[in-house]
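What follows is a set of structures for review.
What follows is chain A paired twice: with chain B in the first complex and chain C in the second.
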Partner chain A sequence: MIKITGYCHITDLLCAVNGKILLQPSPDSEHSWFRQIYNFADIQYPKFHKMDALAQAGVLGVELIRLFAARPMDFQDEGVDLVFANRYASAATDRRFQASYADHMSPSPAIFVYTLPNIITGEIAILKKWYGENTFVVMPEFDPGFFTSYIQRHIARGCEAVIGGWVQIDEENTEVFIFLAEPIPAEPIPAEPIQADDGAVRLGVRELLEIYQQHLS
Partner chain B sequence: MDQLKEDLKHQIIEQLNLEDVTAADISDDMLLFDANGLALDSIDALEMIVLLEKYHGIQVVNPEEGKSAFLSVNSLAEYIRQKSN
Partner chain C sequence: MMYIGAETMISPMGASTEENWKSMLANRSAIGWVDQVGLHHEKLPLARFDALTTDRRFHSLVFDCLQAVSQAIDASLLWHASTQVIVSATKGAVDDHLDRPFDGVMHPLQKAFDLKRLPLIVSNACISGVQAINIADELVAAGEAEHVIVIAADLASQFVINGFQSLYAISDKPCAPFDIARKGITLGEAAAGVVVSRNRGIFKEEPLSLLAGYSSNDANHISGPSRTGEGLVRAVRRTMARHQKQAADLDLLSVHGTATQYNDEMEAIAINRLGLQNLPLLSLKGYFGHTLGAAGVLETVATMQMLRHGVQLKSLGFEKLGTSQPLNVLANNKVKEFNCFLKTASGFGGGNAALMVEKI
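So, the complex of A and B:
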């Protein structure tokens, strides 16, 4: 059986793991919302500060699941496949890059390197040293059928885990939902509830949509 | 306070788009390209070259010079002072 053994939401209003709210943004903080989460989780990764918001969201999601869903994530280097999606690719960073030469008359290489959405998978791969297959898809809205099918196919093919999710960030809105899916030894399937005490959820289109919608609509 | 070093910290933050980093986060001797420092990389080295030209009118033409100058804020300040004399 495949289960979603940990998942994380980050919106403009909250940060939650396995449905439980961990933190809400402090209006008095001198830091950005993502930096507040970084500090809260006590993550030590200086490269984080150079990343664009998409890559930061990916790193935060993976680390929050590891820390607060208590998943060790001790997979083989090539045992993890990554699959992410969003609605507008890297449009927000593309606009920042455009502004960097419109406003300052010099294009910024540091911003340019983030003008592709799949950089999020590269940054997670570098951080965790995971060198499995990775995919980034642009789609109009979160599609639980796509993710469920992807997870099932890749785990059937032998990968130890799939990490992925929906990471849509622009100037007005933050929609982050990141999950860890792993094959779990077969056990009796309870009729209800779908969520076990440890927060794990058995994989299915309905179940994936249900946990996505806990903090995103 | 060494004003040149303080200015350099602000210029690094501005040029490298380190939006959530403050000058106080960067110590004078922090290794800028070390994973435990600012974790800068080769792309950022390009930004540092742009920074030196934009803010200080210095063109780095010898890559070996850049390698030692970009170690830390201390070495950057020293490099700028040498070039300005």
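So, the complex of A and C:
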């Protein structure tokens, strides 16, 4: 049986793991909302600060699931496939890059390297030293059917886990939903019971949509 | 068996596979000089269309390519419920519609062709095309689609020209993959398409056999190739193992070969680690430039023509080897019936992907 063993939401209003709210943005903070989450979770990863918002969301999502859904993620280095999606690709960063050459005719290479949506998967791969498959797709809205069948296909061919989700971030809106899907033995081994209240959710199209909708619509 | 066929190419060298193949066989290149296009208003070598209008150029390329592919199969398959269209692209319509670069190839494309399913867009930097074909295989193998049409397109937009120039990655001469004097990439634009299906009967011309593969991330750097070629080695190794292929079973390597110092060196290291250094090898960037999200499909289609016609084309732009490890780069066209080739791609974000195509 495949389960979503951990998941994370980040919106403009809150940050939650397995549905439970961890943090809400402080209007008085001198830091960006994502930096507030980074500080809250006590993540130590200096590369985070050079990333664009999409890549930061990916790193936060994976680290929050590891820390607050208590998933060790000690997978083999080729054992994890990554699949992310959104609607407008890297448009927010594209706009910043365009402004860098439109306004002062000196395009910023540091911004340009983030003008691809799949950089989020590259940053997660670097963070975790994972050599598995990475995919980024563009779709009009979160499609639980797409993700469910991707997870099923990849776990059926031997993946230990699939991490993925929806990451649509622009000036108006932050929609981040990141999940960890793993095969779990159908009958729990008595020594290591799968707690009913551990937050894990059996994988299915309806279930995936339901947990997505806990904090996103 | 998984079939791949109905292949189509639209490049500055021609609007059909036949026209493109004729030009390639004559070792002509789509690369020309374009005035005032660089950051400092200098002229640059580019493989750019000149006949298309600027409005909806990305969309029109995708539409034209899907139209052409549909003519090479039973066209009624387009509106079958079990047919999936995949679009492969990196920047889409970024110059015209920066805030929604792919909207024009989602619902409008579905509507225009009466597709039952929304097209799926794969945007995974320069491995998009190879990966899109591998995903097509995945969907058909899992029974989620009966036929998958993969359309890949990208433009040499001002956005990407400025970007690659900011990285000092654009050559001031037409690109020279694997050559000692290589100085970087030449950007190109094109569209290409294939159909992946288990049903041989849908193809008007005999298809080839797709031996789909895997991708692997370098887990090393988002914009620089791995110094050890780790991701590429893993992607190729897994792909060959999946189909029980040894080096001796391969006849040709159609690699990424962007002509940057670091990329070509990385590939040479990976190919030697894989023990494939004696196989004939070419990069197609000298013919089409680097067509980004179109490259994987375009170059698979171009190499399929070599397989069909029994010719291994020279790696255009190459004269003298400029990598630390040996490679057997094709210096001349070689008339030779052969059976199987490996196609690879590598890209920003650390991605690497591979697939193989062989005769039935």
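Observations on the model:
Quick note on the criterion: the second predicted complex is superposed on the first by the 209 of 217 C-alpha atoms of A that agree within 3 Å, B and C clash if a C-alpha of one lies under 4 Å from a C-alpha of the other, contacts with A are read in each partner's own complex, and residues count from 1 in each chain.
Going forward, a contact is a pair of C-beta atoms (placed from the backbone, for glycine too) under 8 Å apart; a residue touches a chain by one contact, two chains touch by 3 or more.
It should be emphasised that the depicted structure is a prediction, and the values quoted were computed from it without experimental measurement.
After overlaying the two complexes on the shared chain, residue contacts for A:113 are found with chain B and with chain C alike. When the two complexes are overlaid on their common chain A, residue A:137 makes contact with chain C while staying clear of chain B. In the superposed pair of complexes, A:164 makes contact with neither chain B nor chain C. Of the two partner chains, chain B is the only one touched by A:46; chain C is not. In the superposition on chain A, A:183 contacts neither chain B nor chain C.
Look at A:32: by the touch rule set out above, it reaches chain B but stays clear of chain C. Here chain B and chain C are compared by how many residues of chain A each touches, and C touches more. Contacts of chain A with chain B, set against its contacts with chain C after fitting on chain A, overlap at residues 106, 108-109, 112-113. Of all the residues in chain B, the ones that touch chain A in their complex are 15-22, 35-40, 43-44, 46-47, 50, 54. Residue ranges on chain A touching chain B, taken from their complex, read 30-32, 34-35, 45-47, 49-50, 96, 100, 106, 108-113.
Interface residues of chain C facing chain A in the complex, by the touch rule stated above, are 39, 90-92, 94, 98-103, 106-107, 118, 120-125, 131, 135, 138, 142, 144, 159, 162-167, 214-223, 230-231, 234, 238, 348-351. Remark: chain A residues 77-78, 82, 87-89, 91, 94-95, 97-98, 101, 105-109, 112-119, 121-123, 125-126, 128-140, 146, 149, 152-153, 156 touch chain C in the complex.
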